[in-house]
Each structure stands twice: as C-alpha cells, then as structure tokens.
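After the structure tokens below, expect a handful of questions from me.
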Amino acid sequence: MKLEEFQAKKLFREHGIPAPDGVMVTSAADGKTAALALGCPVVVKAQVKTGGRGKAGGVKLARTPDEAFSAADSILGMDIKGFRVERLLIDPAVPIAAEYYVGITIDRKRKIPVMMVSASGGMDIEKVAAETPEKIHFQPVHPERGLRFFEAKKLAFRLFSDSREVMAAASIMVKLWKCFNDLDATLAEINPLARLEDGSITALDAKIVLDDNALYRHPGMEELRLPTPSEKKELGAKSHGLSYVQLEGEIGCMVNGAGLAMATMDVIKHLGGTPANFLDIGGSSNPEKVVHAMELLVSDSNVKAIFINVFGGITRCDDVANGLVQALSGIDLEVPMVVRLTGTNEEEGIRILAGHGITALKDMTRGAAEAIRLAREGSVGR
Amino acid sequence: MKLEEFQAKKLFREHGIPAPDGVMVTSAADGKTAALALGCPVVVKAQVKTGGRGKAGGVKLARTPDEAFSAADSILGMDIKGFRVERLLIDPAVPIAAEYYVGITIDRKRKIPVMMVSASGGMDIEKVAAETPEKIHFQPVHPERGLRFFEAKKLAFRLFSDSREVMAAASIMVKLWKCFNDLDATLAEINPLARLEDGSITALDAKIVLDDNALYRHPGMEELRLPTPSEKKELGAKSHGLSYVQLEGEIGCMVNGAGLAMATMDVIKHLGGTPANFLDIGGSSNPEKVVHAMELLVSDSNVKAIFINVFGGITRCDDVANGLVQALSGIDLEVPMVVRLTGTNEEEGIRILAGHGITALKDMTRGAAEAIRLAREGSVGR
Amino acid sequence: MSILIDEKTRVMVQGLGRDGSFHARQMKDYGTSVVAGVHPGRGGSVFEGIPVFDTADEAVGKTGAQCSVLFVPAPFASDAILESANAGVGLVVAVTEGIPVLDMSRVAQELDELDTRLVGPNCPGLISPGKSKVGIMPGNIFSRGPIGVISRSGTLTYEVVNQLSLAGYGQSTAIGMGGDPIVGMKYNDYLVHFERDAETELVVIVGEIGGTDEQDAAAFIGQHVTKPVVGYIVGRSAPPGKRMGHAGAIISGADSTAEAKVNVLREHGIPVADTVEQIVDLVAAGLGG
Amino acid sequence: MSILIDEKTRVMVQGLGRDGSFHARQMKDYGTSVVAGVHPGRGGSVFEGIPVFDTADEAVGKTGAQCSVLFVPAPFASDAILESANAGVGLVVAVTEGIPVLDMSRVAQELDELDTRLVGPNCPGLISPGKSKVGIMPGNIFSRGPIGVISRSGTLTYEVVNQLSLAGYGQSTAIGMGGDPIVGMKYNDYLVHFERDAETELVVIVGEIGGTDEQDAAAFIGQHVTKPVVGYIVGRSAPPGKRMGHAGAIISGADSTAEAKVNVLREHGIPVADTVEQIVDLVAAGLGG
C-alpha cells in the first residue's frame, strides 16, 4: 500500500524526522487559504502515487497566496502518467543548499533491509543506480538489531562533512529505520533529504510503501488508503478473494494461480494478442468466485473475448467444471469465451462442460490462439 | 531502582498483563474508602521493598470496609525487616485456584536475560531454587529477538494443560519480556501468577527493579522513586558523586574505589571491628567530595572512629593529601581519625598530612587496626 | 535418488486446521512418512493414525521428525518456522501465504545460524515422485524420472510438470520455492543438490518477474552446474510497479523484468522456452545432447 | 611474553573528551603504541602526534589498529564498542562506567559472532608492564615479572599490585575485568591465556561479591590450569541486596556471597588471602612450591 506524500510526511514527523508541516487541500481556494496560513512562499505539490510529477508540471512555487491559488487551480485535475490529481500538498518553501537521497527497502538477495544513501538527491534513484552506481552507498540493516548509530554515522560521513550535519543526518537515518520497521514498510524514502541554507537537515519529500501482508498489525493504516479508480477495482476483487490487475488489451483472462495467470498473459502476447488483465482466482472451484471474476471481465469494455485457463490439481477438473457450469449459468455473456481445462480428471471435466455447450480445450496455447481468433472475428464462441 | 507493588502492577497493566486494579492509600480511612469503591472482599497489602511481608502480617484479607479500615490501621506504621510501612495497596480479592511463578532477570553467566517459571508459585523463588531446582524451568531470551511466542508456549505447557490457559500464560510471558525490555529492568517478576477459579490468569503480585544506569532513557520513571530514609541518604550521597551504604558498625570508612572500600570493610571486620558504612569517593582528590563524605560519616551517631583509606594512582598522593587537608580544615571532628595513604608519591603525601597534624600510615591493615583501637579507647586521634 | 526428501524422510505437520488436516491426509495417502502433527492444545490426541503434540520440541523428541510442513496462519507462521528450526528440524516447508516480509527477514537471519533449510513460504512444497510429497502438490500429475524442477509458482509448476509427465519426462524432485520477496532456499541452493543427485539429468527452472534470482541462477549455473538446464520465465506482459498475484512478482527495476532475465539466461547458454509447450521440446533437446 | 597486549599492539583511543585525551597522553607516555584516535567530527586532525579519524572503520583501515580503548560516555558506549568490533578490532577495552545492562547483553551476543574480545566495561583496562598499558591504570606502580593478575576492581587492583611490586613480585599482565554484571572476558578467558603464557608463573585472582564468576574460575582452574593460583575475595562484610559501588557487587543469592566464593576456591585447592598483605605471602608460597 503506497502512501501519498502528505501522509508519509506526517508519519515521518511522528517518528521525529524533520519535514515541512504543510497542509493537504483538494481545492484551489483551500490552497490559497493554506498559503495564507503557512506564509509565502509555498510549494504546491500534486499528490500522486507516481514519480516524475515535477517534470510533468505537478510541482509549483508560489510567492503569494494568489499565485498559490492559480498554481493549485492548474495542477488539480491534471493527468500525471495516468493518475488524476485530486489532492495537493501546500508546503512552506525553504531555502535549499543541497539535496541528498536516503531510503530503506528490502534487499531480496541478502534477505534483509538495506539503507541506501546518495549525494545525488532529488533525482530518480533508479537512474542514479543505473548510470552512476558508485554514487550510492549501502548499509545492510539487521532486522533484529536495527540500524545502529555507528552505521548511520558512517553513511552520513559519506554525504556531509560538518559534524553537526553528520549527526543530524545519522539521527534521521536511524529514525527512518525505526519508521520503516515500526510500520512494517517495504520502502521508506526521503528524496530529497535537504540541507537548508541554515545548515539544518530536513525531508522535503516522503515516500512510504506499506507491506500489505502486515497491515493486520496496523489497523489504523487502512484508513490512510486513498485508492485510485483502478486500485478500487483491484481492492474490490481482493475482497472476493481474487487477485486482479487491469491492463489495456482485448483478451480477458481468468486463471487459477498467479504464475499460470502470468503464463497465460504471456502466451496471448506471444501469439499476437493483447491480455486485458491479470486475474488469479486461486485454487478453489468455488462458483461464487467465478461469478465475481466474470463480472470483472465483462465490466471491462475493452474485452473482446474471454479465456478461462484452469489447471486442476488437488481440486479435480470435474469439480472445477461443475463449478464453472454453475457460475456461468447465471451470466448472460456477450463476448466469446474459450475454456481450457487440464490436470486431474480432465477428460471428465471437458465432458461436463461440453454437456452444457461450453467448448473446452486441453491445450493452453491452442486455447489462447482460439480466444485471439474469436476476439478478432467478434463472433460468439458458445 | 526497586518499584513498589502498586507501581509495578500499573506498569504491568500498561503492558497488557492482567493484574488487579487496586488503590494505593496512606491512611486507614482511605483504605476503607477504597474498599467501598472496589467492593469487598479486598486484600490490604503493605507496600515495602522486601520479601516476606505476608509472614510478617503485612497482608490481610478484609471482608467488609470496616475490616479494611482496621487491617489498614494495623499494618500502617508496621516495621517489616527494617522497612516502615507507609503505603498500602487495596486490591480486590479474587478466588484463586492455583499459584505459579514467572520472572525475568539477567543471567550473568550467559550474559542474556532469562525467563524462569515454576508451578511453585507464591513461595520465595530462591528457596525453590535452592531446595527443588528441578521445579524451575528456564528459557534464555535473546536480547535482540526477545521472547518468542513458541518459547513462551513451551514454558506455559510446563505449568498448564488447558490450551486456553497455556495461550493466556504464554501471552503474559511475552508481555512480561516486553515490559522488562521496554523499561530496561533488571528484574520483572510475577509471584504469584494466579489461575483464578474461572480459568483466567492474572498477576497477583508484581516486582520490578529498574536498571539505574538506564534511567536516563526513561525520565518519567524517576518520579516513581519512593526512597526509604536510608535510600534517601544514599541518593543524597550519589548526588555528590559518592557511593554510600550505611551499616550498623562503629568504624566510618572513606575509601577511593569500590573494591578497595569493600576490602577496607573486610579488614576491619577481620580485625574484630565493625564497619559503619561502605563509602566510595571515586578516583578524584576533589576536596569538596571529601567534605561531603566526612559529613556523611559524622552524621552517623554510631561512628566511633573514622578510617580514611586512599590509594594514589593516576592521581598522586601529594595531590590527594593537599585535597584532604583543605577539606578537613573546615571540619570540626569529634571522633578520632586515621588516614592511610599509599601509592604514587606516598612519602610526600604523608609528609604533607603530618605537617597539618594528621597521622598518616602507609599500611592498610595497620591503619584499620589503629582505627579500631581508637574507637575502643574513645580518644581523639589528631 | 532425489533431493531433500525421499521415502525415508520423517515429516511432521504443523497446524492441523482445515488445510493442514486435508493435506496431512493427502501426504499420507501419497506415501509420505508423516510421523507427527503439531497443534497446541491437541497434544496427546491422534489424527488419522498420526500422533499429535503440543510443541515442535516434543514432536521432534518423540518421533524423530526431520522435516516440517507448515499450515499455520500467516500471523503465527514465522514463529512456527522458528519453533521447528529451534527444535532441530532440518527442513521446513512453509506453505503459508501472506507472511509479512520483515518477519521473513528475521526468520532468514536466524535460520542462517541454525542447521535448518527452508522451502517457501507461499509455496506448494516439494515432491520426489513415488517417494515423498511434502506440501500441497497434486501427486497424481507427477511421475518419477530424471528431470529436476525448480519454480517460483504453484499452478504453473503443475502445468509444466503435467506436460513433462505426459511427454514421458518424469521428475526426480520438483520444488515450488515460493512467490514471496524473501524465501528460504533459492534456485542456487537447489541446483547444488540437483548437480550432486545421481537421478537428475536435467533441471528446469521456472522463473518470473521480480527480484534477480534468475540472474543469480544463470551466473551460478555457468560456474557450478554441469547438467543441462532449461529456463522459462513468465511475466513478459506484466506492467511495471504492479504486483502480479505473488508478492514477489513486481517489476521494480530494469533487472527484474522478464526480458532481462531471459536475456541473462540465454547469455549464459541456457535455453529459454517461450511457452510451456516449448519447455518439453527444450528438455528433449537437452537430454538428447 | 605477556597476554593480550604487548609493545607491538597497535592501539586506538575512542572518544577524545577530557578523560580520553588525558589517558591517550598517559598511555603514549607509558610506551603504548597509540596509533589513532576516533572522534566524530575531528577526523583529519592530529592529537599529540596521533592521527584522529571520524570513524573506527577509517582508523582501522588507515592505521591497522588492533585494539581500541573506549572513553565514550555511557549512553553511546555500546554503539562505540560495536563500531570497533565491526571495524575488525580484535580487542576492545571499555573503561566507561554506567552502561545499561541490556545494552551490554546485546553487545555480548554480537561479539560472540565477531572475532572481537572485550575487556570491561567499567574497568581500569589492562597493562603488560614495561610494554603496553591500555586503560587508566597508574603505570608507575606496576613492574615486570611472573605474576598474572585478574581483578574485578580498579583501585583494589592497584593496591594488590603495589604490594606485589614492593615485595619484588612483578606482573606479566594485570587486568581489571570490570565491575558490571555483564562484562566481556571473565576469569576463565584470561586464565586460558595466562596458562599458555611462558612469562607467567602464578596468577592472582581478585574477586568480589555478586555473580558466580569466581566459582566458575575455581572449577576451570581445577580442570585446566596447571600454574599456581592465589585468590582474594572482598565483600565479606557486605549486606545482602545492597549494591557496593560496582553494579555487579550485590549479594543476590547464597552463591554470590564472599564466603561461598572463598569456600569454593579453597575446595578446589586454591589458597585464598584474608587481607591484601596475605596475598604476598601466598604468592611467595605459591612460587616457592
């Protein structure tokens, strides 16, 4: 679960990390009021869960409340990489002397968190990593011991020379670790961490991604969820035990298992088709799940054909077939559908489906090819 | 720093450990009011920092508010092993089915905390350890990892058989570890941990000793200090950089260094004298410290002679002698005093003291013997 | 031969809830030597002929269990893994999905100090066909033979194995290593065993987007594996930044795309299939060469 | 010979505050090879001819320091110990008093995993007379000779050593192991070294109330030490439950009394002195026998 900047900054401040105490607004008028209250100049910042908003014009300096109004007015409703701007953060503007990067994430290879710092702040850190990897300094963090002050100090001496700045930065790093650990985050990032002209160190941007699997330990965090329209659809699917990601293609897919679902999308693409979605219905043959999954697929107007790809494992194909039949009986389908069914008891399963007029194949690649063909023809497959 | 039961119980409850929510009172009238508010029966418990108060009559069951009044009245002011009862805890009385012991302390040998549990609850655990050590179960606790639930569960299965009771007890153990760790305690103990007749598990007594060295991390805890008169004297000494413990003997000792101070007391005892105190003035020759130390010694009416035992190390004996002279010049001493000075530049030091009429010896055992002799004679040694 | 488990491996089942009970029975039916169940509060009882204990310590002490398969709910799973590991179990198979990543990080650090290997979490387990099955794989689609299989996914493993079995290529051992960002053993850990295993002639590795385990495997194979290896990577059509079902399947950098992985594998001389069907062809070619 | 430190040991000083600066100079004057200072923010400067670095890593990297002596205030001391240990320092001497016991417990666990030994905390350090002094001991009272000294106390060590020196019994190495409940090396760890050290002919152990280290030493000596050992235990007159200056000097059970310790030592054939003066007699007897 990605938090927005204004939410992440609040959590930072609660953990003792200095960050401008701005105001989140959803209208230009409120933006002006906030600018008046904070005192100008202010920075007007689009709250979107994507990078590169600065280049897209989503961040503006305002020297007067009126400028704040017009900046807010122009940014609200903007589309940044597919994200519509609905919220702004009005932050007091501060005089920046230099910008740094500080972040923590999970090092999958070493299986532990790692803190990364760089003097190349304010830039896309993945770009820094790709182009000048020597400019990023790493410190693995033992998950039980946490980031020790001496480790933070070593990193801070890579970025700063003044000992007060070193100590301030090291202290922020330790607090960032605590924030990351306390919240069960998978990413906690300050970019840029700024040295201001007065020598103080402060977090000018804030990014936190929480571990969805650990949200049960942080019930309050669920309230911070501000889903975009596509996230809403995914969350709705999740509430029915479905894992769904909408894409832009024509072939709606319904698959049991995440790996197999990716393989299904891949084979569609490999054969020249375009998958409309990722959709994993999990291991069960529960008809209710299939109904919800079908509703997701038909609600996507891009979908020209549906490909159901099921591998019967512990759950037998005949049971799966019965489940599918039951689920599909209540649905009035307007696009063609191809079912592929294989695994334990596949012959019996295919026979059951055929008995209800549902074409079922045993081969995944052929099934995908058939779905693509039907989508192109626009004909009905059952 | 030892907390009293009512303080420790409050901290337990804050950490989610079930414990009766009683009322601390300092008068019999308040005891009756508390009994009325809590509902009878209640237990009236002396709050003293020593064990064995039950046997001493410091714990009484009261079935009515009037009984609570008379119980409180009889316990207040009682002397229990040298501790005068000034506070009582009025706890709701609960129906006990069985009593257990659960505690955490530091295992010096393994250098980590260890949790100890026993089905022999309500008894002095050191007695259990001495007489039936097989009845105590131990679980070392890794200080970074903490007590894991599976470890607590293993211990709990040693005490309980019903799985709900096991889970409740294991959860209490994990919370007791957290309490111990969060507060930087050196001891956290529930004795007894009671299984009530309804099957619930609750802490009927509570003992917490905090690490004095870690109090700087817990500024709020200092307010919980309720020193006894002798502790007050020790704390006063500490505020002057002195480490002082009052005893019952006749020879007041002033020594630089804790080990040497113990050796000094021992040699006095070895020679048939009785040390009046432990007093370590530390490594410095600071005259102010000596003045404060001297004040402590003379304020003790048992003291019949003073033995100052100084080893000059990095600090030279001549400096120490000058410090002593300066300090003693402002003091009108009514008991005899023996100074022993040795180490770096000892001859010069002894000469300086002699110049001011102070007898100084080089030998510790002879100095102690001289002090004992003077104490017996009641004569003045300078 | 086979790797990690065989008919002699003494297995205990941690967590006898709905799934644990079902799969304990399935494993037993498959022929797995299930010697104990662990379920706090049910110690002393017997489930389907299997003695049940309150703690892993007792189960190990009384039955000599060497391997534990976990069906414990996510909030308690990391504690259960550590319980087994500290009780002396040499191999823990964690089926449980949804364990917080920091929990797994703590587990991984501690397992490093113990003599315990971990398969999963969020995995279907592993099977040495005809000998032992530890996990939730459908035993009937597997057949005994010379192919080692290591996969990050569940149903996709079944799909791949099913096609191999139908084509006559049985498996020595097939492993679902788990779809989470932090899992216990990875490709390389299994490859060491497959390389040593006399029955295994070829290894299929089924990868997906996220992380760089496949790249690590490619480098490792180049240096340490003499047996032929065939690769298959899914997620070529996945958009960046989106989690594709598996918590570990998210494209978070250029290295973690399917293309990057396919390329690195091929650069190391490992043939990579474009579709599941192609895996069979590449296996045939690999065994032929 | 001597143990742990000699004239070749490269020493760095962590924390150049008032005490650190004073003792850095004292150690240098004594002849200790002080090669570096570590004080964050003072990197690049020079103190009394000693180069100063911001971090232990740099100091070790640039000077090859093998031993660090710590004058860092208690709240930061455990971090500083771990900094040195993780930088590869083999011996850390922590003079600092008042470190919280749980901090030391965490340090002790981590040092177990590293190749670093710890003397202290809350200790005067150690000295190999005529060769090297690491800590705050007054160098002038020590003299070179065949006696090893291990003590839990500071001034009492000086007292004992002074008497030994005056009686003509010099020291190979004298160690104040520290007066806290948790310290790094204990009697047994030092005894292993003294037993192996050719220069050492007899070891004096100076103990006190609290803990059971002296009992452990008695058992260890019985099994592993062939050289004569002389004991001295203080705190016979200390009341139970009271902290006698040292955080570790508190009688918390029957085992931790001075009597118990004296008895166990004697049961293992180790002569125990009643007064400091007696130590010299027992040493004379020990060397004579």
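Observations on the model:
Letters A, B, C and D name the chains as they come in the text, with residue numbers starting at 1 for each one.
To be clear about the criterion, a residue touches a chain if its C-beta (ideal position, glycine included) is under 8 Å from a C-beta of that chain, and two chains touch if they have at least 3 such contacts.
Keep in mind it's a predicted model, so treat the numbers as computed, not measured.
Think of each touching pair as a link: the shortest run of links from subunit C to subunit D has 2 of them. The interface with the greater number of C-beta contacts, when A-C is set against B-C, is A-C.
In this assembly, the C-alpha centroid of subunit A lies 27 Å from the C-alpha centroid of subunit C. Each chain gets one centre point, the mean of its Cα atoms, and the points for subunit A and subunit D are 56 Å apart. Chain contacts: subunit D has residues 106 touching two or more partner chains.
Within subunit B, the positions touching two or more other chains are listed as 144-145.
Judged by the touch criterion defined above, the protein chains form a pattern that is neither an open path, a ring nor a star, and not fully connected either. Remark: the chains found to touch one another pair up as A-B, A-C, A-D, B-C, B-D. Looking at the complex, you find that subunit B touches subunit A at residues 144-145.
Of all the residues in subunit A, the ones that touch subunit D in their complex are 145, 148-150, 153-154, 157, 163-164, 166-167. If you check the complex, the residues on subunit C that touch subunit A are 26, 74-75, 98-106, 108-109, 136-138, 140-141, 151-159, 162, 179, 181-182, 206, 208-209, 211-213, 216, 234-239, 242-249, 253-254, 258, 274-277. Those residues of subunit D that touch subunit A in the complex are listed here as 40-43, 54-57, 76, 79-80, 82-83, 86, 106, 110.
Every residue of subunit A that touches subunit C in the complex is listed here, in rising order: 106, 108-109, 111-113, 126, 129-130, 142-144, 181, 184, 186, 211-214, 216-217, 243, 245, 247, 255-263, 265-270, 275, 278, 280, 283, 311-314, 342-344, 363-365.
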